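Note that the chains are named A, B, C and D in the order they appear, and that numbering of residues resets to 1 at the start of each chain.
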Amino acid sequence: MNEAERLKVLEEKAAELRRLAEENGLDLSAEIAVLEQKIAELRRAIQEGLSPWGRVQLARRPDRPSGLPFVQALCDSFYELRGDRIVGDDPALRGGFAKLKGKRIAILFHQRGATPEEQRQARFGMASAQGYWKARRIMKVAARLRLPLLTLINTPGAYPGVQAEAHNIAGAIAACIWQMLQHPAPTLAVILGEGGSGGAVALAAADRVLILENATYSVISPEGAASILWKDAKFAEKAAENLKLTAQELLALGAVDEVIPEAPGGAHTDFQGTVEAVRGAVLRHLSELSALPLDELLRLRYKRYRHVGSAGGAD
Amino acid sequence: MNEAERLKVLEEKAAELRRLAEENGLDLSAEIAVLEQKIAELRRAIQEGLSPWGRVQLARRPDRPSGLPFVQALCDSFYELRGDRIVGDDPALRGGFAKLKGKRIAILFHQRGATPEEQRQARFGMASAQGYWKARRIMKVAARLRLPLLTLINTPGAYPGVQAEAHNIAGAIAACIWQMLQHPAPTLAVILGEGGSGGAVALAAADRVLILENATYSVISPEGAASILWKDAKFAEKAAENLKLTAQELLALGAVDEVIPEAPGGAHTDFQGTVEAVRGAVLRHLSELSALPLDELLRLRYKRYRHVGSAGGAD
Amino acid sequence: MPIRRDKRDRYVEIEVSTPPEPLWVRCESCGELIFRQKLQENQYVCPRCGAYFFLSAQDRVASLVDGGSFVELPPPQVVEDPLGFSDQVSYKERLGRARAETGLSEAVLAGTANVQGIPVVLAVMDFRFIGGSMGVGVGEILCQAMEHALQEGKPFVLVVSSGGARVQEGVLSLLQMVKVVAAREALARAGIPYIAILTYPSTGGVLASIGSIADLTIAEEGALIGFAGPRVIEQTTGERLPPGFQTAKFALEHGMVDAVVPRAKLREELARALSVLVDER
Amino acid sequence: MPIRRDKRDRYVEIEVSTPPEPLWVRCESCGELIFRQKLQENQYVCPRCGAYFFLSAQDRVASLVDGGSFVELPPPQVVEDPLGFSDQVSYKERLGRARAETGLSEAVLAGTANVQGIPVVLAVMDFRFIGGSMGVGVGEILCQAMEHALQEGKPFVLVVSSGGARVQEGVLSLLQMVKVVAAREALARAGIPYIAILTYPSTGGVLASIGSIADLTIAEEGALIGFAGPRVIEQTTGERLPPGFQTAKFALEHGMVDAVVPRAKLREELARALSVLVDER
């Protein structure tokens, strides 16, 4: 029995005790407290035991809560907007209007796809130039309507392709960052899985950036870093350690503002729980940000990025 | 000897008399006055005698002052900006930064080309989607820098082509109109030759619209109107009359704000004179518009268009 | 009057007229004789081949809004025939005929309505009225509708069915493109949502102004969406038009619209779009 | 170290190093042996085949500004090696080597200068310094340069020569993309002009942020302009790269830059661009 399975047994036992206590009016609080402490310890042990490389694997799981199913579960309703109005549409980066607990928002998210066919179509979540030009367009529509902007990030990176280059994918990413910094309403980014490089940061220039416990955010993939710096992709695990790409490390670096806990085995073991945890965090942050006057919001946003990395780090 | 030639003879005679008077200290003012009256009458007769269809022919002349040579003569200096940043560039619609009598402006203009090779390359001044997306981009750059925007219009219309449609030329034209209406500095349009349909209006949503005496501005070419309404392109001359597309008719309709006189035979007979006349009018209007506070400028711009055609016409 | 496509998947324009009401209508696309009431019940889509017939503005309104909720805005006064235009027929006469045939004062019908309970300002263009073309009158109705939406804080919904600018009003038609964009900018400044529905046809000056700059754009399945007409493109450039050129699907694939929806589902789609764009009441 | 292209017109990257100064340099593109002083006089363009050699930031500054007018801005203090990064060599050691080899504190050199009499704030990246990569230090220098331009009301000019983000500073490098765009937005709000000059190479995170959003963008003739490296594209997608892919000409044809200029004319071109962007003094 591995740690995750032991954890599950303990959790079931605790639930059973609580049920017994309630049904029979018994005071089992001491027993329950003991169990809960054991559960917490085991949970911490499991999570802490994960190496950065182990988290990279978790973050990349195709069954990780993300994409359209996640948006549909997260929001009361979602209306997709499509197309960049100049070249085309991109299934790897999607977005539209949504209602979140009755409030209007605009939303942008990477789509990786769950089945091989979906994955092929969405290029495993690598959006091309059209995707980022579309994202910029949707940001502008949201700006016109003064809608808070929520982005859900899960991409290996922007698509490296001839057409992407021909349609100026670099310019599209820069335009997204710029537009997001100007957004006249709260902006919030949540890194759900892989936060890969320029393709991630294009949607992450937000007032606040949250991250799931086993998600990653990195300037380059560990394999890429290993190839370039160690001249051998086999050093990916070592690169992953050096890159400080895990949620807790990112929090310490000031790159993200909050870590959203996952279910013990990883977010994919509990889709609904992940949705609830993300919804709770998102609503809390949007509510805080919505209370700020616009000029204060923009001032804090500028400050958030102007000194990133300048003020110290993990040293 | 036709009227234009007779006019030239008279003008030479008047110049000779003035030279004689000055060189020899003679008082020939009475003789000169008689000649000048004759010149003015003949000039008026020539201009007024031109039918709408005759003006359409003049407006379409490939040697009409327009395009890059005109911009270079008009401005102290010109730096061209190229590309829409997404798809490509378009030689039929050009623009950039310029200095006009020492003042910074942004400029956009149609390029028809003078030689057959230039004309082919510039599609006779029919700009495609990239041209209008580029124009919108340049408008935005000008907006960032608070530069007054000057447009010089001379196009048969936007290019009707498969790629133009695929890259949403309609959306590009709409975006230009919208962007121009939001421009945070004075905007001025001058119709130099053919002001053809959507391709013209995309650059004409200006605070003021000026037009050269023999230029035209129309919702459709006379040939197009004849084909649709008379079912025969041979009725183009009749359509030209009905469309009220000449400068004086446009002024009466409130579609343009001022008519800039041309040299008697048409602007092409006097490139430098046309440049001077346009420069004088442009500087005067820009100076008037620059004196207005921004909110007043935008208010007047809105008013200029909100009631166009509603308040009466040539009836 | 159905809209057909030929074998190369281009549209075939069929002359529009209002015949005396027979009980049966022939679908010019598949030849089927259809009981008129049946056709109406099917929202003027051929039950056999799926060809889309034109929808009058009145029928379109009825198909989209909650029964009895539509209240027309007072039609504005504008100068008629500002150019004194006359081709084979005088423009005044054309206007009179169009009014008689359509029961509309102009090529657009605007009013307030509810869509599944959500209050909107709705403007619907009618291709039967001089090709749904935009002159001063259409521009004025659209502006007043947008201004009403602004005052009431209601979303603005426009159904486009227009060949473009009204040739008979010359440059004044062209300038309506600027006028309606100016009104749309006022909506944007106030953060009022604007939804466009593009149908057959959405072309020329209407597409190149108000038709292309909505916050959310839905194409009806049978729509024709393009700036220049297919014939003009072929004649001017000699280019062969690709299959499906300027169809709703083409527009979606080229990033111009947010959704393509069959007529039968348009009302539901519009309500869904509106519901994410308005706050809970 | 010249930049070459292979027969398929792609770039061949050549390792950068500063050899002990010999009197003669071999052009690796055409094989010619060139007298070093001659090469310098020709602004490091091979006199025989036209191949572009890398230009150090110091040489680039000298080639663009009026003699003696460059005054370096005080280099900012930032945390070095924020991740404690170590691959085969520790990042601290790499930094030390780069400093020794280039005489620069970071991969960008920023200061005030005059260009044909026009005062500017100029920042020049240097590919020799860890690939011209942007980490916290580069981001900070760029931001302070932009802030100085803002305070002084001078145009900001950036010469890009960068492979992208600094891998050894991880996510903090990535976030410099946001940081420099935030500073650029402050320039835009104040209406201060910003000119970018893209050289070899302008790629990755620098192109995908500050490199792509200037008011006016000039490409040096020998530039490489693209988000992803050619090798990455071929490996990831299996696509064949078209001839001239990611060259300055490619960028011009695809609407990404305003002009392509040979190195010898860059100073004049920059002065011409500046002169239309600043008011007469």
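By our rule, a residue touches a chain if its C-beta (ideal position, glycine included) is under 8 Å from a C-beta of that chain, and two chains touch if they have at least 3 such contacts.
Please read all numbers here as calculations on a predicted model, not as lab measurements.
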- [ ] Find the chain most remote from chain C, comparing centres computed as mean CA coordinates.
- [x] D
Open item on the list: When I count C-beta pairs in contact, which pair ends up with more: B-D or A-D?
Closed with: A-D
- [ ] Would you mind pulling out the distance in Å between where the CA atoms of chain A average out and where those of chain B do?
- [x] 53
TODO: Would you kindly tell me how far, in whole Å, the mean C-alpha position of chain D lies from that of chain B?
DONE: 42
TODO: Express in whole angstrom the distance between the two chain centres, defined as the mean CA positions of chain A and chain D.
DONE: 33
TODO: Any chance you could list the residues of chain D touching two or more other chains?
DONE: 212, 254-256
Task: Multi-chain contact sites of chain B, meaning residues that touch two or more partners - done: 84-87, 167-168, 171
- [ ] Work through the pairs of chains, note which ones touch, and then classify the graph as line, ring, star, complete or other.
- [x] other
Task: All touching chain pairs, where touch follows the definition stated at the start - done: A-B, A-C, A-D, B-C, B-D
Open item on the list: Help me check something: in the complex, which residues belonging to chain C touch chain B?
Closed with: 76, 78-79, 81-88, 135-136, 139-140, 143, 165-179, 181-186, 203-205, 207-213, 226-229, 232-233, 236-237, 239, 241-242, 245-246, 250, 254-256
Open item on the list: Using the touch definition from the top, list the residues of chain B that touch chain A in their complex.
Closed with: 84-87, 129, 133, 167-168, 171-172
Open item on the list: Could you list, by residue number, the parts of chain B that touch chain C in their complex?
Closed with: 158, 160-162, 164-171, 173-175, 177-178, 181-182, 197-198, 200-202, 204-205, 217-220, 225, 228-231, 235, 238-239, 242-245, 250, 253, 255, 301-302, 305-306, 308-315
TODO: Could you pull out which chain A residues touch chain C in their complex?
DONE: 77-89, 96-99, 102-104, 130, 134, 141, 144-146
- [ ] Provide the residue numbers of chain C that touch chain A in the complex, in ascending order.
- [x] 188, 191, 193, 212, 215-216, 252-259, 272-273, 275-280
